[in-house]
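Report on the following structure.
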């Protein structure tokens, strides 16, 4: 299965891409996927969402199509 | 000296006038003046102002030119 | 804090927006609107009266005090007097501030104090003027 | 509660005022405006980006929850994205309610949650588009 990774704001700078499509397994977690894609990039201060819902870094990807890396928000 | 008494809203109904000019002495108080003008009208739930400043019912009129009878306010 | 207080017998017209500085981060506007149901009975509107000179002075005193608690850049208050039909505003307040916190706090406190202490009255009588 | 959420790359235009019922007693409007000084340095403006689909869903979820705490009639939120110059609004919120208390509380809570949890970001980079 394929997963689209989106990186916003400072996360885009840290990971070096805005969007990337990767192969992954349903039992992979966001932490595992990102360690594979960008080893050494710290996940500290970042949140993660699967299909537009916040999840923990250790939630299995399951059937999600999109993983969003969410740095501290600052809208308003 | 003369004093202009203003009665607003429900106080106008209770006292039967909107404005009345009376003679009074500097040492008279709002309570004394109104008891003279409208004996028997209750001052309960009413506030009083001299020259646009709230005072107690027993404050001497002094040099004030205007006494306003202020029923519970309800602006906004 | 720049304080503007107006009373008007005419429908309230929102004053033109103008930012006095590049440090305004929040603009808050409040319309208090006459509702049809007041204490359970359907109204066509309300009649407002004020001791206008005292109301202006009292509101100024409250705003000067509130400005020390919630420092904002400007507040503009307009209270309509006379007959106000249901669906129209009896009160308009605009507050400009650097941050939203002070602005929201000042708005809440201003309306509270106006309703508790400023000599303005709403009455279901007299009836509206004949058309 | 009627919830409307919009994102726009263009300057925010206040939506036309419309009272959906004769029981609206309070209309609140908030403009969050870009200030010149942010963390001590003078800016010409800010660049905003969002995960728009998620931001909309997340804000809807928060508003549905806040509606149970502060029941209002309607809320309309507009967030501008892209470059926003100093003095222009990045955020507009209008709330209609029967009484001002719920409206003010909903406004404060909505902005708080938006700033804490909704995937929108402001950045001093990229620079404004060339004129």
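Letters are used for the chains, namely A, B, C and D, taken in the order the chains are written, and counting of residues starts over at 1 for each.
The rule we apply is simple: a residue touches a chain if its C-beta (ideal position, glycine included) is under 8 Å from a C-beta of that chain, and two chains touch if they have at least 3 such contacts.
In this text the structure is predicted, and so the values were computed from the model without any measurement.
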Margin query: Going by the touch criterion stated earlier, list every chain that contacts chain B and also contacts chain D.
Written below: C
Next item on the list: Could you please state the distance in Å, as a whole number, between where the Cα atoms of chain A are centred and where those of chain C are centred?
Entry: 49
Next item on the list: Averaged over CA atoms, how far is the centre of chain B from the centre of chain C? Could you give it in whole Å?
Entry: 26
Checklist line | Where chain A and chain B are represented by their mean Cα positions, the distance between them in whole Å | finding: 72
Next item on the list: Could you list the positions in chain D whose residues touch two or more of the other chains?
Entry: 32, 111
Margin query: Residues of chain B that contact two or more other chains, please.
Written below: none
Margin query: Once the touch criterion is applied, which pairs of chains come out as touching?
Written below: A-D, B-C, C-D
Note to self: If we count contacts the way the header does, which residues on chain C are in touch with chain D in the complex?
What the structure shows: 19, 22-37, 86-87, 89, 98, 100, 104, 107-108, 111
Next item on the list: Note which residues of chain A are touching chain D in the complex, please.
Entry: 6, 8-10, 49, 52-54, 68, 70-71, 73-76
Check: In their complex, what parts of chain D are in touch with chain A?
Finding: 32, 48-51, 53-55, 57-58, 79, 90-91, 111, 114-123
